[in-house]
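You will see chain A twice below: alongside chain B first, and alongside chain C after that.
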Partner chain A sequence: MEILNLEGTEDTPKIMLDKNNGIFEISGRSLPEDSAEFYRPVLEWIAAYGKEANPETEFVFKLEYFNTASSKLILDVLSALEDIDGMKIMWYFHEDDEDMEEAGQEFSELVEIPFEFKTY
Partner chain B sequence: MNFIYDLHRTMMSENLILVYQGDFTQETTKSILSMAERNLDSSGEESSIKRKVFNVMVEALQNIVKHSDELVDGAITSHAAIFLIGRQATQYTIMSGNPIRKENVAGLKEKLEQINNLDKEGLKELYKSIIKNTTISEKGGAGLGFVDMARKSGTKLEYDFPEMGNDYCFFCLKVYVPREN
Partner chain C sequence: MSEEILKALTQLFAIITKQDSGVSERERQYVINFFQTELDKDSVKEYLELYDKFSEYGQTSEDDNKKRLTSVRDSVRTLGICKKINKTLTQKQKVVVLIKLFELVATDKNFSPQRMEIINTVSNVFNIDKEEHELIEHFVVSEDPKSLKFSDILLVSSEEDEGNTTYKIIHGHIEGSLVFMRVKSVDMYFTKYLGEESNILNGFTMQPNRIYLFSHGSTIKTQAGDAIYYSDTISHYNHELKTTKLSFTAIIDELQFPNGAIGLRNVMISEGPGKLIGIMGASGAGKTTLLNVMAGLVKPTKGQIMVNGYDINTQKDEIHGVIGYVAQDDLLIEELTVYQNLYYNAKLCFADFTEEQLHERVMEVLTNLGLDQRKDLRVGNALDKTISGGQRKRLNIALELIREPAILYLDEPTSGLSSRDSENVIDLLKELSLKGKLIFVVIHQPSSDIYKMFDKMIIMDTGGYPAYNGHPVEAVTYFKKSTHQVDSNRGQCETCGNVNPEQIFNIIEAKVVDEYGQPTTKRKITPPQWYELYLEHFKINKVADVTEKPPHSLSLPSKLKQTIIFTTRDTLSKLSNKQYLLINLLEAPLLAFILAIIIKYRSSPDGGSYMFRFNENLPAFLLMSIIVALFMGLTVSAEEIIRDRKILKRESFLNLSWNSYLMSKLAILFTMSAIQTITFVLVGNLILGIEWSMFLPIWFVLFTVACFANVLGLNISSAFNSAVTVYVMIPLLLIPQMILSGLLFSFDRLNDVISTKGKVPLVADMMASRWAYEALAVYQFKHNSYEEPFYSFEKVESQADFKGSFLVDKLEAKLKYINDNINTKSDSINKIIQKDIAILQETITPDYFKKGLEEVDLSTPWTKETFTPEFRKTLETYLGNYKKFYQDIYNKAVSARENLSFSMENAEGSTYKLNDYKNKYFNESLSDLVRNVSVKDRIIEFNGELIQQINPIFVDPQPSGIFDYRAHFFAPSKNLLGNSVSTFLFNSLVIWLMTLCLYITLYFELIRKALTFFGNINFPIKK
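Moving on to the complex of A and B:
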């Protein structure tokens, strides 16, 4: 399966989705002008991955900041991941960032996937 | 030339650290954010407060980009809006103003009133119910911006709609971010 690798910018996150090496990560800042457009390839990649997923997947969110339009798309990403067996979310937040911790907790209440919370 | 000095004095007395007036796009949003961030960094502001200010700024700026109505008055069309940040001893004030058509005022007012009537728990529930049911609008919004500003700031949103001629009001918004945790 092809690797999806997008460099992060000042308003878009870094994306690394690599099935063979077992790396699944969205990190950095997310406040794109058009969040639906930005996340479309991510959602397409996940849909394809779902058909030939690894037995276990640890999907990492390590976001420093995301805007509200991105939060809707992050929920769409999580909903797509929900249908894949062996899925686990690693939700990273900066140790003094209660809002990011709370955001992760709220997402975990909206989907049926195990979340593990970690600080960085 | 006095207006230069007058404007300067007003900015000083109102403790404004940044004022931008003009056209708002994603590019200007990024520039304003990076200027404000540098200012907060050099003032040595606590990172949790910086994040909250940044958060409210992004939503306020992207609201203008997405929702400010184009002002058409005879031959003049304008997108001009204004964005300001003030820093007082106990709080930051994030302010914005943009023209909106009069027919859009009632709906906006209702939304803001609903948000201001909710406590912390109520805002959380509203956020969760919107995010579950919303789809991204044509303009690219999720309908969560004001709710998020209220949640992150922990304060009530202040607003006003002074009239601008027959067809428009100037939507003024003021959000306080306390500097103490």
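Moving on to the complex of A and C:
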């Protein structure tokens, strides 16, 4: 499978999806102009990955900020991950960032995937 | 609204308003207003606290200057709330929520990107279409109606339509603009007013720039007095309306009932597509009559009903499938499920559909009517309810809707329904009318909401006079005005918008009061007076006739296919009726068992075990079998058509084949009869020990009789109106069959008027039982294993014996009488001599034995003069020889028979024992019966003929021509067009022929027509 690698900017997160090396990560800030368009390749990649998934997947979210529109897309990403066996979400938040921690908890209630919360 | 949802909404409001600059007072006020409409006073406080908490109202932001971003927690919480809402609210409700959100933001015009982004996301999660989202946003937010460049926007303003605008515009006397928006996906309409006037929506003053739901039956009254009705507004959005080519014109000058009373006078109705029209009136005013006349069920005495220029009474073929009719009572097949009812109906309408398409169509209609959850429930009847009254009604409507008739008539579709169900039903009709259908509804005591949903109301007065034709709400004012009431310009309650249709009838039927203040029976304004007013006020313009054929989507299957569909449908419905099935299948073997056990009588001379030979009851058993077959055949079919009448009435609009329908009935009934008779014969024969070779013939005769009875039953079922009448008819049909079966009463000993000696009487020839009985008895006697090899010998024996010992004696006696009295002068004796001479000649002429008569002229009639002494001598010698000849034949036949039985018994390896066979297969009683041994006079004289009374089973009939089918009872063979045919075959053929004739009368419904003809004869009764 091809590696999906998007460099992060001020408004878009860094995305690294690499099946062979077991790296799945979305990090940084997410407030793209058109969030649906931005996350489309990610969702496509996950759909393809779902067909030949690794037995274990640790998907890392290490976000500093995302806007409301992005939150919908993150939920879509999580929903897509929900169907893959051996999925686990690593939710990183800055130790001062209560908002991000609670956001992670809210997400974990909306989908049925084990969440692990970590600070950085 | 549930607590959970309200909490969710509160949070949503809070999250949106707390963004950037935080909650403003006006926004908070909006939320309070919202709570006040949804909640009681105490709860408002509770929810407001909740709102304040979530929105951090009153908390000062630490960093006011910085433009804050929406916190990630709020974003995710919004998602959570929306997901929750998605699970409980319908799409319609979600649209309302979205509008509320926009309205909330619009109160302060604080359309910051953060807020809008949240709302965008909400509508995204709600799966609201992007374009509709944009439409809603603009509709709520914009204050300039001209900026609303959407085709789903409709403006009412005083300005003229300038053309080439994206939005629709209609002219009205109004300051500013009234804006309507359609949300197409959920078929909802919203309105708001931009201007200074106070307009009234359903009795409430419209606040400027506030969004109102514009629901079914809503009206807006402008300050200038214009009324904007829901249906009028909606019609602007509908394109289907304009494409439906339909014109309906009913001109009924007069309708006279058979008893002479006048049902309708001078009713004229002319409408185009897309209207929901109500018909109201006092009871007995002719509402249903009017509906039936318009639907073409009853022909008007004077006048005609035209659909697209085709007369519905004379040009039925041109417009078949265009009309749908939902009667007041249920027209459902109770034994079938909701789905099956619809499915088979659809199958009859759409020949060119595949199974899949059919299924889809059925499911679509079921879903539209909210019946999809109930699809596998049996319909049941009033006593055995499985689905509710409202669901039954909707299913009735569904049966018509599935084929989408362009004109639909409904007779009191809401009677007996709860107000909620009633509204559902009318709402559904409203929706259909908006799709271009023309719908007429007879309605009784409608609620205000229902009343207002109609586009037009036709009010009938007692005696069939039209009293009103126009907008429903205006009707109230019209009648009030006509009677000069004070508040006459008020049609509906100003505060609640309610219309009270009862008022109309109170006015129409107001009674004159006598001097004591008691209402009399006299009306203040009589129907003709109302009719005069009607003529003054209502000019009904005939809509232009559409000349093309009306739209219909019907394609009927071939007749054979129809038969198959009818058969499957009926079979399924019968199979699901366990009681019916059980009784019909068990009835026959049970009756056979009871009958056979009771009559299994042993009268063998040695007093030993039961022997078939000595069972004296066999002849009676055969008769009873036939009666049972007749009875079962009749009962199983007698209710068939009556039960289906209502379904037939509905399906009459489809022009289905009557023949196919009848054929399906025959297929089912004949199968049922075959099963019943098989089990009957099987059980009966086993118990009585009737041999197996008799099984098929007996069964065939009984089956034939049962089929005859089936068709007879269908005849009476189609002729009479109630099941009771039909069951009363059964004895009337059965008892003559018993009396004239030939066993109970001998045909020779009946009333002289009907009996013919030596022949079966003609009345009896009309009885299937007599043919069947003769067939069974003759076959059983001739073809049982004992008799079969000897029958031909015994036939010769019996005839030779008869001639050699009885007939010859009679002839000799006659000759002697002539000899003794030839010279008499007495007229009476001469007469006897004349007759005797004729008898002698007629008996001798056809006889085989003619030795000694070579010189005698047989062709010219003999007279007294012929009887010279020589001639008499010749005859005497002849008769002597005659006697000898036949006695000789008799002896030869006896010895031949004995030789045969001896050789059969003594053949090598033979197990044949004459006596055993006789005991097992031969029945003495039956033999006595068909040989008529009990008769006193073996030979009688009748009409100048000598008739043999004894041994009818051995006498072949002497037909007088090729069409002479008549014979004596128990004749072994019959004349069929000059050929001698076995009685068994001949009689079976006769019964099938009778069955065919009955089918023809059934097909043309001759009995029914005859009954109606006699029913229509009026006997003038002096009053």
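As a working rule, the second predicted complex is superposed on the first by the 120 of 120 C-alpha atoms of A that agree within 3 Å, B and C clash if a C-alpha of one lies under 4 Å from a C-alpha of the other, contacts with A are read in each partner's own complex, and residues count from 1 in each chain.
As a working rule, contacts are C-beta pairs under 8 Å (C-beta built on N, C-alpha and C of every residue); 3 or more make two chains touch, one makes a residue touch a chain.
As the structure is a computational prediction, the values presented were derived from the model and not from experiment.
Colleague: According to the stated criteria, A:N67 is in contact with first (chain B), second (chain C), both, or neither; which is it?
Modeller: It touches chain B and chain C both.
Colleague: Is A:D34 contacted by the first partner chain B, the second partner chain C, both or neither?
Modeller: First partner only.
Colleague: After the superposition on A, what does A:F115 contact: first (chain B), second (chain C), both or neither?
Modeller: neither
Colleague: Output check: A:D11 vs chain B and chain C. Expected answer is one of first, second, both, neither. What do you get?
Modeller: In the superposition, A:D11 touches chain B alone.
Colleague: Quick one: classify A:D96 as touching chain B (first), chain C (second), both or neither.
Modeller: first
Colleague: Quick check on the output: what are the common chain A residues between the chain B footprint and the chain C footprint?
Modeller: Residues 31, 65, 67-69, 71-72, 75, 98-99, 106, 109-110, which sit in both footprints.
Colleague: Please give the residue numbers of chain B that touch chain A in the complex, ascending.
Modeller: Where chain B meets chain A, its residues are 26, 30, 34, 47-48, 51-52, 54-55, 58-59, 62, 65, 124, 127-128, 131-132, 134-136, 140-142, 144-145, 147-148, 152.
Colleague: Where on chain A is chain B touching in the complex?
Modeller: Touch list, chain A to chain B: 10-11, 31, 33-36, 65, 67-69, 71-73, 75, 94, 96-99, 106, 109-110.
Colleague: Give every residue of chain A touching chain C within the complex, in rising order.
Modeller: These residues of chain A touch chain C: 31, 63, 65-72, 75, 98-100, 102-103, 106-107, 109-110.
Colleague: Considering only the defined contacts, which chain C positions touch chain A in the complex?
Modeller: Answer in residue numbers: 69-80, 83, 114, 117-118, 120-121, 124-125.
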